[in-house]
């Protein structure tokens, strides 16, 4: 019964969406805003990766919100799970190979993540992606039977500081340029690492933030399910 | 002016005399109907004089105040009623005032009796008031019919109008009302079959049980005046009043004798029976009269 | 004296009293009395001085303004006087009760709100004060806890229904005429369509009808009167309920243009005939129900409804036939009723105070010996209630009856008159069971009522008689009101009326009664002396009468009730109760929508979306 | 068939959306409902990306190599999707955390039985 | 340089700061939220004069309006952000004492972020940004509802989360469709391009967006989460959720409907009529559910549904009076409902029960709190002289001014709802004052820190009730801004 009703309702919704979507031609150039970014973005922001320039510069405010959402998730998760402080917990040690492989790979993954967010304005990738990669390093280390836990204090501080960096950068922009997140730094030479104004700063901050937050979330969940 | 004052003084006395006479007459005629000899006509007067000098028992101030209120009320009502051409308080509010002043009598008795704190009194008063409610329904309808028909609330004007167009009772709606009035008259006077509130054998005369001496005297006077009032009202409203007191008295006498026949012929009704009766035929007649009058008016 | 200043005194006084109460109870009592008396003095000084003033700089763009004219003065003086008397009465009555600060400030607040109502010159301030009055009343009714809570709920729900109706009516007027000043509406409404006028009448009729407890809307009243603290019941019955009458008069004024000018719009006339008939119904049924009551306050409460019927009958009929006698009678009856019903409730309250809250008629009796002042108050009160001549109730009833008869509506008159007889029966029971009959053992040593209770009773008792003997005093003001409302002037004298179809002369009546009573008294006095005996030393025809108690007063009208009881159910109340039950039940059913299963909730969301799309797809209504 | 050719992405995306919704509507297990949410999110993200697609477009990243005649796809939806993904992750993380706690309280994840808060 | 962006960024910054500060001192966290909220009030007031003249439009990053996110701080935005900040401030002061258990710093962070989200929603001029801030609002409220960690809280949070997530997915689909159709995300830009909302391709996104936002705004069939969440959350959170979160949702609907889709009362589309009907339906359902409810917080939650219905009804009438009334009602409801939840918080804390009957006699034990509750309740019913009265008055008047039969019937329904509302609120007042209850409860007032916000709320409710002019000026320009689509487009796009 329930299924039938659901199917019925969903098919109505599907029909409605079809009627609307059929007015959105697939693969045709149509977005004036997007077009503008593609054409002018390089000049305006100095970033080669247009997605990055959109994410950080044009729609930087969304990104700030996005970072906040993640922050909320981390804080909220901790609040919901009611985790007070950190305590170590004994674990079955992993096999020698696994443990040592993890030790070897761990810094490499960190490095990779750092690379990804530091080059966000030049290549595909960016703060979020890099941050996730960094977090994956911690997951690996947990999987690899690491007994030591990450320092909540440290990670919490990193989270906060990274967030503050983002906000402060924006506010400096406001103070100097009159707009929040305005370009206080020169665009620099295209395609070089130190280019694209404030994008690297923000992306680095985001990278740290996302990495520490996701790691924190995983840590919390692990503790809860122990 | 002097004449007016004389009216004020003499009229109640006359009314009282007629009332007392009716009291005596009632006992005499009833006795005769029932094949007894009966007391002499002056027996009530003798009783009253005796009561005046007899010692009595009192239950407190309200016991007396209620009676005084009752008696005074009755006398004032008398003053409102035209007796032939005599009517001391003609322009003071008319029938509506009469209706209300007539309330003083039962209210006073009830008050005084209440102070008496005798179960019989309470039962008697309760019955009396219920009975009053019973006969007031047709009575009010009757009065309203008359007032609506003549478009006045003044009794004098009703009487005057009848002088021109003949007795009220001769016209159809008022005939119905008149009959209704006659039917409820025994109840208003507290005569059998409607004497359940003062039933001597059952509740020791009800409200009167604690009265003796001057208290009983006043209650008697009040009853005498009640006889006068109710009958005089009927004569005024339905039998065209009268130009002079003698004719008026004659009319009253006829009506009273009619009532007495009913009185003598029927046994006492229980209170529910009485109410049921009063709210059936007299009310229906009075209502019919009122409807006709109202339709005729509009 | 500006009207806003008066209101400021009134409302400020209420707050001040509360604050004083926190300091000392003596100070609070003094302040409450002083403020209420000051208001009486102010209004006494303001007699015949019309005032009008905008007092507020715009409430949502509406100018709030106040005025004082004959009508509002008439009501205001009654409000403040009765308010002051009941405050004085409360001094002892409320002593040693809890939350007295709250009580006094609310009493003053209610009075202030009522003053606001009668002083307001525009409908929105009228409404504001009206609502304030409603919730203050609610709080005061609930004061006694327990059963009072249900009474309070009943009151407030009906009151809210009335006030939302009124709000709709007021705003509809505003939307139509773009003003809320009463005089301006009055002039605008003359040009409105008959249907609209009827709408306005009906909607305000409902609002005021609920407050004035006109018959099918009366059910809140008995419980509220019975359960409220007695001094407040006095205010509630005397003036607060009669704000409904004030409202009806206000409507009358608003449609006054039609009465004076081109003759009555047929709808107006029809509506008022309906009102008159409802008034008649309201007289008869509650009066008979009152006979059934064994609770002193319930009994009086039902009379409160019944007497309200006279006012509505008078006003409705007066407007319907443009008869100023009936209208004046209705207005006058409002005042008279206020005086004697307050008197009655106070005498009940005095008894309650001494007997520890007893108001069950079957367990009282014989108190005349212990509380003579309260008895006299009760006696005069019921005389007024019945309308015995030389009490105030008589005059107003006479006016209404006369108008009804002369205008040729004997059936209405019959209803009103038969109501009077019903009244006699029930109030006699009231008086008898409370003050007459045998004094129960436990009340043998009751003290007299304290002075602060005797004083208001004495004042009101004398007012009952004064207005009964010299009705001209208030009638002059009432006559002014009638002419202000657009009716013809009456031929008022200090002792009554003169007219072709029947005059009323209270002086003659007084003279007759006084003289006759004196004569009778002399006769009585001359007769043989009587011996005062103990009350229970009486003739029982040989039957044994137990000495300690015999409450033969219980079931006083039993024979009548066995006949009438099946017909005297409060059908309306039963209907409302059933309705409330149905509402409650359906609310419970609606709540089942929230099943607690999140799957259902998501289904609702998708259902909503799907139905939006489907409807637009299929019918394209949007 | 032309529809499918032209709109295959949309079909896929909305297919996922509808499957996700269906899962939430029908499944009684909280974890399955959360999985439904994840599918729903994925579908929405896929749809957003599809909106920005340009026929034969490339990634909107300039390189030092000479740009061909190939147009770049719209970067905006990609940015939006980035945000949406993160939000989805956040919601899922929270949902799972709540599920853990809920299981402790009720000992079950059957949504039909978790109806203490109702009416 | 006062910039509306500060309203969002500063609280955000402080929220980020809390973990660091709480490293220094565990107690520091609870004193943080009032600071940015005070700041927000000041900024709002500073912006107000400019905003009244012309909406302050700022872009993030300094690009052309259509090409970046911009904030539009018109009268509505400023009004609502001020309300958010103000109510948030008072509630945060209250929470200083009330929130004692658990990791309080997390509570304060989430609380501040919730308010940031709400502020962002009311200020943003970009529809995707609106979505993002909405998510901030929602996700932090999911977490806050579950904050206490009790059975009821967790259960409610799960339900809230699932419904909220479905709602936001629908919203996102709608936004995606709009982007696909118009190639822009700026609301003014979309509005400029959008012709008729009733053609199906446009109607479907509208339906999706309204359904999505409607979940948060507690419109009738979409509000299954509300009674649970609002009744299970800690009281200050309930106050914020009832007082701010759903109002913000409703604002978003109004903004979308009026500005983007350009529905107006004289347009050919009569979708607004439908919304009005929906509003009254919501109202009646809410009030009917509240009647006979024994859990006091749940009763208040249902009453919030009812009030939302009334506001929606008022907004849907779309005349300037009506919208003023709706916004007024929004403000007065915010004040009153926040007050009610705050007072109930301590009452239930003392009685250890959410049952109405457990509150018996509390009027004697906690006189000021009870008085405050009474005043809040009276204001919600719409009794003078409290703030709820002028708002209800305006709404009724606007409904009557339409001179349409449908609206007469609807306003009749609304008034009926008022009566029901009166019935249950007056019952509680009776229970508080006139019922003899448990005498074990200590005669203990609310702590002073919590009393301050309660008293301020009371003062405001009475003040606005007596002198509504205090805000009507702002409200009417806010209404004008909300209704005037053309001006909005011109202001934003230049």
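So that you can tell them apart, the chains are marked A, B, C, D and E in the order they are listed, and the count of residues begins at 1 in each.
Keep in mind that, in the parts below, contacts are C-beta pairs under 8 Å (C-beta built on N, C-alpha and C of every residue); 3 or more make two chains touch, one makes a residue touch a chain.
Note that the structure is a prediction, hence the values are computed from the model and not measured.
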{"item": "Shared interface partners, meaning chains that touch subunit B and subunit D", "value": "C"}
{"item": "Starting at subunit A, fewest touch steps before arriving at subunit B", "value": "2"}
{"item": "Taking each chain's C-alpha mean as its centre, the one farthest from subunit E", "value": "B"}
{"item": "Distance-maximising chain from subunit D - centres being C-alpha averages", "value": "B"}
{"item": "Centre-of-Cα separation between subunit C and subunit A, whole angstrom", "value": "73"}
{"item": "Distance from the mean Cα position of subunit E to that of subunit D, given in whole angstrom", "value": "28"}
{"item": "Between subunit B and subunit C, centroid-to-centroid distance (C-alpha), Å", "value": "36"}
{"item": "Length of the line joining the C-alpha centres of subunit A and subunit D, rounded to whole Å", "value": "17"}
{"item": "Per-residue multi-chain contacts in subunit D, two or more chains", "value": "21, 24-26, 33, 51, 76-77, 80, 83, 87, 90-91, 94, 98, 101, 114, 116-119"}
{"item": "Touching two or more other chains - residues of subunit A", "value": "2, 6, 9-10, 13, 16-17, 19, 21-22, 24, 31, 33-34, 37, 58-59, 62, 65-66, 69, 72-73, 76-77, 80, 82"}
{"item": "Chains that touch, pairwise", "value": "A-C, A-D, A-E, B-C, C-D, C-E, D-E"}
{"item": "Complex contact set, residues of subunit A against subunit E", "value": "16-17, 19-24, 30-34, 36-37, 44, 57-62, 64-66, 68-69, 71-73, 75-80, 82-84, 153, 156-157, 159-161, 163-164, 167-168, 170-171, 173-175, 177-183"}
{"item": "Subunit D-facing residues of subunit E, complex", "value": "128, 132, 135, 139, 142-143, 146, 149, 151-152, 154-159, 161-162, 165-166, 168-169, 172-173, 176, 179-180, 185, 227-228, 231-232, 289"}
{"item": "Complex interface listing, subunit C residues touching subunit B", "value": "366, 368-369, 375, 379, 386-389, 394, 397-398, 401-402, 405-406, 408, 410-411, 413-414, 417-418, 420-422, 424-425, 428, 431-432, 435-438, 496, 501-506, 508-509, 512-513, 515-517, 519-521, 524, 527-533, 535-536, 538-541, 545, 550, 552-553, 556-560, 562-563"}
{"item": "In the complex, subunit C residues that touch subunit E", "value": "57-61, 124, 127-128, 131-132, 134-135, 138-139, 142-145, 148-149, 152-153, 156-157, 160-161, 164-165, 167-168, 171-172, 174-175, 583-584, 586-588, 590-591, 593-594, 596, 598, 600-602, 604-609, 612-613, 616-617, 620-622"}
{"item": "For the subunit E and subunit A complex, residues of the former touching the latter", "value": "1, 3, 5-6, 9, 12-13, 15-20, 23, 58-63, 66-69, 102-103, 106-107, 109-110, 113, 116-117, 120, 124, 126, 128-129, 132-133, 135-136, 139-140, 142-144, 146-147, 149, 154, 157, 173, 177, 179-181, 183-186, 189, 200-205, 207"}
